[in-house]
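Each of the two complexes below includes chain A, the first together with chain B, the second together with chain C.
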Partner chain A sequence: MRVFLKCGCFCFAAVVLTACQMNKAVYERPLIDNDIILSSESKSSTSESYPYSIASLQPQQRPDVSSLEAGLWMSVEKAEKKSQTAGNRVTDKKLNDYVRSIVCRLAKEYCQDIRIYIMRVPMFNASMYPNGMMHIWTGLLLRARNEAQLATVLGHEIGHYLRRHSLQRFKTYMNTSNSLIFAQMALAVAGAPAVGDIMNIVARGSLAAFSRDHEREADGYGLLLLAKGGYDPFEASKIWKRSIREAKADKKYSSPSIFNSTHPQSEERMKVLNDLAGRVWTDETVTTGLDEYKSVILPLRASFLRDELDQRNFSSTEELLEILIEDGANLSELHFFKGEMYRLRRKKGDLDKALNSYRESLALGNPPSVVHRQIGLALRRQGDAQGAKDSLKKYLELNPDVEDAGVIRQIIEESEE
Partner chain B sequence: MRNGIFIILVATILSSCGGYKLVNKGKEIEVGNSMFTTPFNDWNSSKDGDVVLWTMDGPMLQQIIFVKGAEDGDYLIPVRVNGTHTLDKKVPKFKKDMTSIEVVELFESTFKRLGAQNLEISNVRPYEAAKTKGFRFEFGFLTKDGLAKSGSTYGILKNKRLFMVIYSGANIHYYDKGKEDFEGIVRSLRIL
Partner chain C sequence: MRYILGALMSVALLSGCVTTSFYTSKKLAPETKHIALVSPDVELSILNAGGMNEPQAEWTKLAEEHLSNSIRKKLKTLNVTLVDNQTTRELQAGDSQEVQLIKLHQAVGSTILEHQYNQPFRLPSKKGKFEWTLGKDVRYLKEKYGADYALFIYVRDSYTSPGRATAIVVAALFGVGIQGGVQIGFASLVDLNSGDIVWFNRLARTSGDLRTEKSSRETVSLLLNNFPQ
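Presenting the complex of A and B:
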């Protein structure tokens, strides 16, 4: 599924400034065409740099049943059935309603064509499928600072949908594939039982590779929809800045994620989107939607952070926690998870760092209820039996009805034997 | 344990791992590493490396995993990447300084890496079996395809080694079918 028609974003690589100049027109085009920014060049000039000429989808448009696009949609609809019952689908109504409201604010007349699936995957990604299925991973919700930053990515994905980038890639693939595969597809489109072959082709990941220009154009659409939705356009570049920071902390920087070389470099999009944001026309008072975002996401953040820790990419998680701490929301929780990260990492000196973070969490007030238990476990590992016992007793004293009280008492008793 | 590697995830915790041998009911059997038990019903046993799996109706439907004395640096259950032979190095390992609380944490991380979705652990408590103080907990999760499963686990930390019996099954019928026998298996455990 992960390799299925992905248009999810975000590659991390070195900056190439000259390429940035050359590609800027691709980002600009949707904004110029919709009179959101003025062109610095003539329209004919930008048209020449437009990557292809396929028509955009119209609201409620469905492909003709005899078309190639219909075969593409059919194969994706099968995948969508699996998404509907997937074990990691997040069904929290408040969250789904909230994300849906953002999608509709951006997509407007296309709102009912897009179906969202929030998936519990601790990675920075969203993806759009040609039939209107949109996947949003919880790792994105954790990393976006506000509604406008989330809307940046959602708008980008909607851009892929409107511009039918999957179909374009599909056609490109067909043009370059061998005649046998072409025949299989033709049969599938004709309704013959070769649909499985299409599925295989799709699953092979060929269609996952949205071209860099598709990504640039989708970024332009993202900025366009962001501005038309009344969001602060400068937030678009800021989410890339955050992702670059996190990626650079990752020791596997050369291959940081599923986002691959088909995507523009984050530095490029960060710079271009920031430049374009300064040229966006909007009469409305723009918003970042920070308060709304916090009210929905913060109650769920601890579970997202726990999933993040299970990834055991400790270097990037450490940087992510720093970014979130700089944002400043519920710092006690963040310092607690920083402590958890150090305790689980088990590198030399990490227990001291863990204890410092737990104590910082305590000092900030309203820490997670298990903080004294975790301090006790860390002290026990350090060989401070008395300190461990005191902390575990403190945990029980503050939380007399906790479910694990019995095993905590058992640990205390064993330390006294 | 370090060299004993298997376990593939196919939309659930464990799939088939080679040939099965019948485990006869009513007879004490050494699961391995001086870990003995007596089942009430017939089970099918499969073994690969140091991990032993029992099932009645197939591992997708219900299964018992025996962790037979994991040592410092061992995986609780070795996990392979996408069904390949490559070990998932992101799976945490058992450490001899772990408490029962940290073993529960280890279990949670391991099962999540195996693909358990929305894993919820409950009722972590002391429990004595095999004449040794141990701990128990229950858990529930969804497979990738959304099948709801439940589980129950018994663990012992003995001589800096970890012994566990992990039972899980589909909520519809199969968990209940094997649950009583699992309790009997736990009660009859002997670890020499």
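Presenting the complex of A and C:
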């Protein structure tokens, strides 16, 4: 039995090893097909030889009306109409123009086929729909450090579009479910319905694996478009490094099982992208686009941070703020929000921490206008009536016409009675 | 809308009748019979063996036209004036207020399906009454189109694929029932003064075809069954 077990472990390790090699090849394929890197083996496939290759997708191409693809587009177009007027769509023109310009820099002749919708959702994500609708969440804009990191994700999404992953996935799901129903019926008749259940589970697992391979391939495209767009390819793995740090700090987060997960693990993506960046690297000048990114994102960042706090997931927000503070852009604002995070978290000692952060924000010279009010209210909770009064008065002095002036005045008056 | 579909599927096919209506009034005011038809929300699909719906763009395009034409014809026989075809049929791009009202109707419509048609989920606050409204903001549509009512149509029509048909036959041999294609939907009439939904009719059956204009008339006569006069 022991021998058997050992053998089992070894086999398992061998399977995992081969799987890793195969996975890497999926990331590499777009780069090899476009002659950006050389394959260690002979070129396995040309871009023309596999189905749904980019070579068979013309810019501004629309699917034939009788095709399944047209059906998918039709369904998604209904959703797009809703997205156009969605309440949480960010319509800031400067931001939309900026993200659009990055998409065009990456997608080049396919730029017109992709329509961006920046949505106010405080999570690290973007998504691509089969008809070219791309959703970009504000949580991504908050987390990317520079233009190249945002371009990494945008390029990944463009890769999904170019290779028509949604269509491929839909077809696979349909074929799998079609064959499954007959197999299950046959097995049920044969008196082994449990085998049918197992097949169901296996099918679900293989569909998830199929989806993971699409993510890997899209990552490869992300890197390809990044390199072709003149961005620093090493930024691709850096955004994953940030994401992993945040996920590790997150007490509510548990990574999904490898079997069911639709995305590869972040660690794998970070490592492979870093290796490939080394192979993609040339002597040509590349940019991270840090200054451009900051000039557009920083004026909006406070609203993104407010939404982030509204999730009340303090352990990951604390780490995110730490990462952003290390980046060093507008520290005064970041320390203010760190204070806000402590104020809302209300663990033992958090009130002191909040006050320290507010004061740090003040000392750094460019705090949000409400910082004096927050200091005043925190001091009031600590029982420092005089300190509270001074800060609240300062708040009204600096912001005489604010909406809550009446309430604050009343608080000051009560403390004087 | 997936939510609507779920609500329709779950209850409708279990109950016996093809259509069921609710009213606040069985009569429209005689002097106010101008109705704006909001572009029908239709989708035709093939139901595959494994139960997945494959949306059909070409059929849907045809069905939209047939449905629109048949509704117009039917309403004429009901002595109702439809306001101008072209302006009401397609949403004005960028007219956010109109789109928001249509979205609101989708939300209210799916709530009606869930809580009015589903006896166990009836809301205690409604006390069994049919009492739903979009609010007075709908007057925007009244002014825009010069109409007194707006008619909303939602239909999902699926067709059994050969594979599904085989599955049904095979399963039936062993005494198991598998669902084939279905035609489900609703029509809803909104008073553009008050925003109240004055009439709501649900359609659910396992037959019907919207791919030809002739057979679409039969669907429309069921959709507009019990339409207030």
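Just so we're on the same page, the second predicted complex is superposed on the first by the 336 of 417 C-alpha atoms of A that agree within 3 Å, B and C clash if a C-alpha of one lies under 4 Å from a C-alpha of the other, contacts with A are read in each partner's own complex, and residues count from 1 in each chain.
Methods note: a contact is a pair of C-beta atoms (placed from the backbone, for glycine too) under 8 Å apart; a residue touches a chain by one contact, two chains touch by 3 or more.
Owing to the predicted nature of the structure, the values given are computational and were not obtained by experimental measurement.
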Note to self: If we overlay the two complexes on their shared chain A, which of chain B and chain C does A:V296 touch? Say first, second, both or neither.
What the structure shows: neither
Item checked: Contacts of A:L364 with chain B and chain C, given as first, second, both or neither -> neither
Check: Does chain B (first) or chain C (second) touch A:I412, or do both, or does neither?
Finding: neither
Margin query: For A:W73 in the superposed arrangement: first (chain B), second (chain C), both or neither?
Written below: second
Margin query: Applying the document's definition of touch, where does A:C111 land relative to chain B and chain C: first, second, both, or neither?
Written below: neither
Next item on the list: Give one of first, second, both or neither to describe whether A:E403 is in contact with chain B, with chain C, with both, or with none.
Entry: first
Margin query: By the touch definition at the top of the document, which applies to A:T85: first (chain B), second (chain C), both, or neither?
Written below: both
Margin query: Under the stated touch criterion, which partner chain does A:R312 make contact with: chain B (first), chain C (second), both, or neither?
Written below: first
Note to self: Output the chain A positions appearing in both contact lists, the one against chain B and the one against chain C.
What the structure shows: 82, 85
Check: In their complex, what parts of chain C are in touch with chain A?
Finding: 1, 41, 43, 45, 48-52, 54-58, 60-61, 91, 96, 99-100, 103, 163, 167, 170-171, 174
Note to self: Give the list of chain B residues in touch with chain A in this complex.
What the structure shows: 90, 92, 95, 97, 99-102, 108-109, 112-113, 117-118, 122-126, 133, 135, 141-147
Check: Which bits of chain A are touching chain B when the two form their complex?
Finding: 82, 85-89, 120, 307, 310-313, 344, 346, 373, 377, 380-381, 403-404, 406-411
Margin query: Quick check on the complex: what are the chain A residues that touch chain C?
Written below: 65-68, 70-75, 78, 81-82, 84-85, 173-174, 176-182, 185, 188-189
